[in-house]
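Presented sequentially are two complexes of subunit A, the first with subunit B as partner and the second with subunit C.
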Partner chain A sequence: MTTETLPCSKEDLVQKYHRQIVRKCILIAAVIVGIVLTVGLLSVSTYDSISLTEAYQVIWGHITGVSYEPRSNLWWADRYIWNRALPRAVVAILAGASLAACGALMQSILANPLADPYSTGISSGACFGAVAAIIVGVSYADLAGEAGIVTNAFIGALIPALMIVLLAERIHMTPATMILIGTAISYFFNSLVTFMMVTTDADTLKSAYLWQIGSFDGLTWSSVPVMLAVTVVGCTAVLWLSAKLNVASLGDNTAISLGLDIRKFRIMCLILMSFMTAAVIAFTGIIGFVGIIAPHLVRIFTGADNRFVVPTSMGVGALLLSIADYIALSFADLPVGVIMALIGSPIFFILIIWQRKSTGAIY
Partner chain B sequence: MSDGGDVFLADYLRSSRKKVVFIIVMTIAAVGAVLLTLGFGVYTISIPDAISVFWNHVTGQVSWVKADHYVWDVRFPRALGALVVGAGLAFAGAIMQNDMRNPLAEPYTMGIASGAFLGAVLSLVLGFSLIPGLSGDWATVINAFVFSVIPTVVIMIVSQFRKMTPTAMILVGIALLFLFSSISQVLMVTAPAETLADAYNWRVGTLSKVTWDNLPIMAAIVAAICIPLYFLSSKLDVMYLGDRAASTLGVNANRLRLITMLLVSLMTGAVVSFTGTIGFIGLVGPHVARILVGSKNRYLLPASAAFGAAFLILADTLAKVCGPSGLPVGVISAMVGGPLFIYILVRQKKSAWA
Partner chain C sequence: MSSMTKTQNTVAAIAVVAVIIIAGVGIYFFAGSHNDSSAEKLSSSLLVYGNANEDLVMDSSDTAIIQDIIDGKKSFADYPMADANQDGNVTADDLTVVKALIAGTSTTAYVQCLDLSGNSTVVAVAYPMKNVVPFGTNIVEPFLYVGGGAYTAGYFVSSYKNLEASMSGAINLGGSARTISDVAWKNFMQLDSSLESSGGIGALLVDYSAKSQITDSYVSDLKDAGIPVITYASADQVQEIATALTLGFLCGKTTEKLGLSYAELSLKVYNEIQSKVYQKTDENKVSVINLTMYIYVCQNDSTFNQSPQYVGALCYYNINSAFKTAYAGSNSVKMEATDALANYDDADYLINNRSLDVGQTDIDAAMVEIWDKYISYFQNLDDYKNLVYINNLLPGACKLAYLAAALYPDQFSDSWADSVMQSFIDGGYAPLEGQTLSTIFTSFDYDDYVAAKA
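And now, the complex of A and B:
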């Protein structure tokens, strides 16, 4: 990246590097501020007779255990915000961070810009589980209704990863073969889903279709603990691996000569990512876009060093999904995934076209 | 020295011969499958009967009118449609994977499928037609075709004022794909359940809509685009080496990529607007061909087309006998082809991808 500016002094280079780091830190800070602001706006939009600052006070008050006079304005605000706005906000942040981290992980270990958390068939496996529960009423875990859908989706999401792990013993897993096996698996499960969809009646098809698109409607605190635990552990692990991801994205031969057992590493990453993604989409449905776009957005601004890309992607993913959720809740009664793609893709398009070399972009 | 050269030459000729044999076998299989598939469908006619009915029609001695209608007006165009669609999509997939140097690329990577789907949804859900006064099937077809070409046109325009690497093209394609599919989703979720089911069925794709009315259009477009592209195969080989290597060897990779992409998009758009987005074959067909004949486009392109045609017509034959009214071909091809493809991948001796 810096080859054209080599004939300059060491101090210049150091200064330039520091400036880049400052810019990255500013980006992360801006993202965090954005998320906090969106949570506030979301709270106000669920209970609109309080101001933005009051909303933060109410949230902080609930955490520190402040109690209000029953049926007063703030008492109602507390109930609305804590039970309706915050579960959604927390899920949006967790899901965005988790999917974006998984996207960055997949794009690195497969060295492919088209890769996303769903490249190995996770989404179609989950979809198969959920649609089986919705249409046929079959459940892996003998549970009916919402819980049946969630467990089915979770278990279904892990099947493709399991198949890849089993096949990895028998086949030389280059990124290309892994992608192709993932694609074959996802086509297979998709065909089963399509089979169920086209043979069912129109109303059931509609509810199955709506599950596929992904939505935060009806989420409560009860969905949060599993997702929170898996996401926090998973994201920490991805952050810890991010330096190794840089090595992995250099290609198999280089990675091996730098002392990374790339095959084992790739399988390990795949398992980690499958659990993270499964824990999110089992509750929310297949939320697309954020997993593939967030890492690319970050790379446009900060370059491809995964030590920055991974954490910043998490932040950007969380921000994107929070904003989309805010818009979905307060302006348009549409699933969050649709809103995000609708607004995010033109912005992404413009950024791709107008990116400058100087920001260290890699495309 | 000359002995060594002879050995290499003999070896090369032998491997070339093997590839040609594969292409010929696949072509024969595809044509044979046409006769086979005439015997399958809603109306029961045995395979020998169907073939004799077909032969009688060709020689102009129609005796069994009902069977003649089913065989000649329904099954034969559908069978030829399967050949055209399978060959066209697999050929398009091979070109796209070569252009993008990405094994995940397929005919729909640039957003063609989501563009076509948006066009179809506009017509199916809102009753909107690009050509005023047109309604029904042809409105859907025209809408789907026009919208399917938009992403490629956008990429062409952008590349006029900014140098586009394959990765940047893919990313632009993804952006457009998500934009179109989110608009379609907005229309779908607000539509009544029946309309949503119609739109969903359109997207799954089926060959049952192929008739003598639209088959000639599809066949002409696919032939008119595949044949000239085949003559570019050696240039495509050079492009696969990378843009720098290509320009050293006198091939303008950027221009070649744009031209081939435009042609492939037109072809895919033409196919998809009649049949809906039939998946799997465009992505997997070229990979199977690559495992069997290697990556040299002179063999890969015809092998992909032949394999695509043979596979799709067999899948469609199977799809016709599943359930009382048959299943969409996309469902069967992925259900049978997915595991088959994994098996081929596991069994291959050395990787076909660098």
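And now, the complex of A and C:
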């Protein structure tokens, strides 16, 4: 019996493993600290007559039931931060986590580094629903105002997914086919949206256009429950599926040979992703780049194992969107979707240039 | 394959059901009421409880009535405004409150006004009122006319630099004349906390036509902070009289005098108009389509549609059922195209209510610019030469005077309307101080436009 010589020593392997663990821990710690810091900065940014420390005191005080002298500075700060800043922060965390998880999911099941939650036409379906509510006043649930827009956007977002599911039984559904169908659906809905927008007046056109950009303005705690419920359930499901995502990302033939019903799995992931994305963009509009870049950033530190990529992407996505919202609110007075695009596109460009297999790139 | 088909059908069916459930949850969480109601009409008197005889002043005749009620000589039911402290009874405590209001000493005044749904309500406010924040053109202006600028702590952007100069010492909270942004509201909160030592913001005055900007979240803040919200539908010129009178009273003796003179002058003009038009029947009344902000058509129940009725005219929706159907509601609707009124060109007059600052240096040029700006929406109408612009920032009685002169020139002359305007200029009302008839945009029609262009 001979002993094979390893390419590196056992001690080197152990050290390399420990370094990987440390990197992952540092990344997770940085994400958590970053999110906590961003929430504080966002609070101070929105109510600027208190310090960062006071902002945390106010938030913690609200949670623990501390009360202040009515109409004092801290009393008003408590109300404003809790009713306006924190809903934004929570939505940013939920939306970022959800979109990033969906991005990791899509990139694995479609084996495509450019895949994101909108690859199957979800965003265009949501746009169509929302714009129909804004411009034409047509609502699925006969609701007026904001409720009508949200409901329309949610249901509209699910239509492309339903179409793909129904088509899947008629045609051979590969990742490329899915993306092509999504593209076709996008073009169709986008043409309807364009038609509605060119026939309306300037004020309504502006409202419709701003919805598409993606914004957290006007979001309150009432926007949170549906998003929270769907995000928690959806992210839990994605985490549970993360091992199978590793199998799926190996390609159809390999996945089948390892016992995974890839077609059924892909459809199930699509439906899950559709609900998660719809629950976010119905309230916020279309926020791009989070779903694409968060998983890629994470893979630099964790490698391509989805058991680590998925949960870490959620954290990084939440952090990225929180930072974008802070910048949007504090410095730019622009919708968060614009800032996210301005931040995301250079990052994505750099990732593409510096990609290599050793850093977990999947392309 | 068949099991795959069955599975996918099941998946699709589950997805559809889930969508319906989630949509239902969404509806449960997000369905809200959509209140587009018109405002209740309040009387044209001093709308402060304690004004037992519901006239323009609070004086010894009110204390006499209250005393008579206490003594059993008069019935509380006949004098509902006698309950000055709103405790449901008329007692010596009410006398104490009324005496304090008459003397101008500190007390709590109970004000009859509107709530944000347009229903009559009662609001308690510290008297004399100070550190006021007004919102909405139709309440800012009457408040400033009676000297309220000196009691204004903050405002949500001033759109009319000259007319609103009297509140320039107050803090600009941001937002706009028609919106209160979150940032503006944050500034409002910080203003209140900065005034903590002097009791905080005394009241938020709200123009009923701008009520949609006071969101449920802001209402909750105001309620928890105990900041009174006084709402009036002052786009109605007769309601404006009560608004100016009441707000002037609430800020103390100086503004009370101005409010009273403003109300008396306004009622004199209103009564003069009424005396000449009250006998008109529908057959000899002219019909009017009201517009605002150039190209917004006032819906049937809009407060702007009260003014034609005050001068003996008919709102067009009363004679055209198609128009009535198309413009049901209490707000205003933007004209989507230049032919939006093409089917309604048999109205006798188009009255365009437009807010224009005082202190104009070249009224003719302004007149030509205003007329030309949106004439494409009107020039194809048969009645476009009967388009009349009236400045929405004028005192209500002046608006009625110019409207009467435009609609019934044989009964009300332009010079009479100008004399009404001059009376207000001479009345000592801060926004009009230093102004003349040649620096104030009052009203103009096609003939004035042609003359100006020449």
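Going forward, the second predicted complex is superposed on the first by the 339 of 363 C-alpha atoms of A that agree within 3 Å, B and C clash if a C-alpha of one lies under 4 Å from a C-alpha of the other, contacts with A are read in each partner's own complex, and residues count from 1 in each chain.
Methods note: contacts are C-beta pairs under 8 Å (C-beta built on N, C-alpha and C of every residue); 3 or more make two chains touch, one makes a residue touch a chain.
None of these values were measured; they are calculated from a predicted model.
Following the overlay on subunit A, a side-by-side fit with no clash is recorded for the pair subunit B and subunit C.
Once chain A of one complex is fitted onto chain A of the other, the partner contacts of A:Leu239 are absent, as it touches neither subunit B nor subunit C. Residue contacts after overlaying the shared chain place A:Lys206 against subunit B, while subunit C stays out of touching range. Contacts of A:Leu228 after superposition on the shared chain: neither subunit B nor subunit C is touched.
With both structures placed on the common chain, the touch criterion links A:Tyr80 to subunit C but leaves subunit B unconnected. Shared-chain residue A:Leu250: touches no atom of subunit B or subunit C. Of the two partner chains, subunit B is the only one touched by A:Asn112; subunit C is not. In the superposed model, A:Phe349 makes contact with subunit B only, not with subunit C. Once the two complexes are laid over each other on the shared chain, residue contacts for A:Ile28 go to neither subunit B nor subunit C. Between subunit B and subunit C, the smallest C-alpha to C-alpha distance in the superposed model amounts to 14 Å.
Put simply, subunit A uses residues 203 to touch subunit B in one complex and subunit C in the other.
The part of subunit B that touches subunit A in the complex is made up of residues 102-105, 109, 158, 162, 165, 167-168, 170-172, 174-176, 178-179, 181-183, 185-186, 188-189, 193-194, 196-197, 200-201, 204, 279-280, 283-284, 287, 323, 327-328, 330-335, 337-339, 341-342, 345-346, 351, 353.
By the touch rule above, subunit C contacts subunit A in their complex via residues 4-5, 7-9, 11-12, 15-16, 18-19, 22-23, 25-27, 29-32, 34, 182, 185-186, 189-190, 192-193, 196, 200, 217, 221, 224-226, 334, 336. Residues 112-115, 119, 167, 170-172, 174, 176-177, 179-181, 183-185, 187-188, 190-192, 194-195, 197-199, 202-203, 205-206, 209-210, 213, 288-289, 292-293, 296, 334-335, 337-342, 344-346, 348-349, 352-353, 362-363 of subunit A are the ones touching subunit B in the complex. The touching residues of subunit A, when paired with subunit C in their complex, are 46-47, 49, 70-73, 75-76, 79-80, 83-84, 140-141, 143-147, 150-151, 154-155, 158, 161-162, 165-166, 168-169, 201, 203, 217-218, 220, 222, 225-226, 230, 263-264, 267-268, 271, 275, 279, 282.
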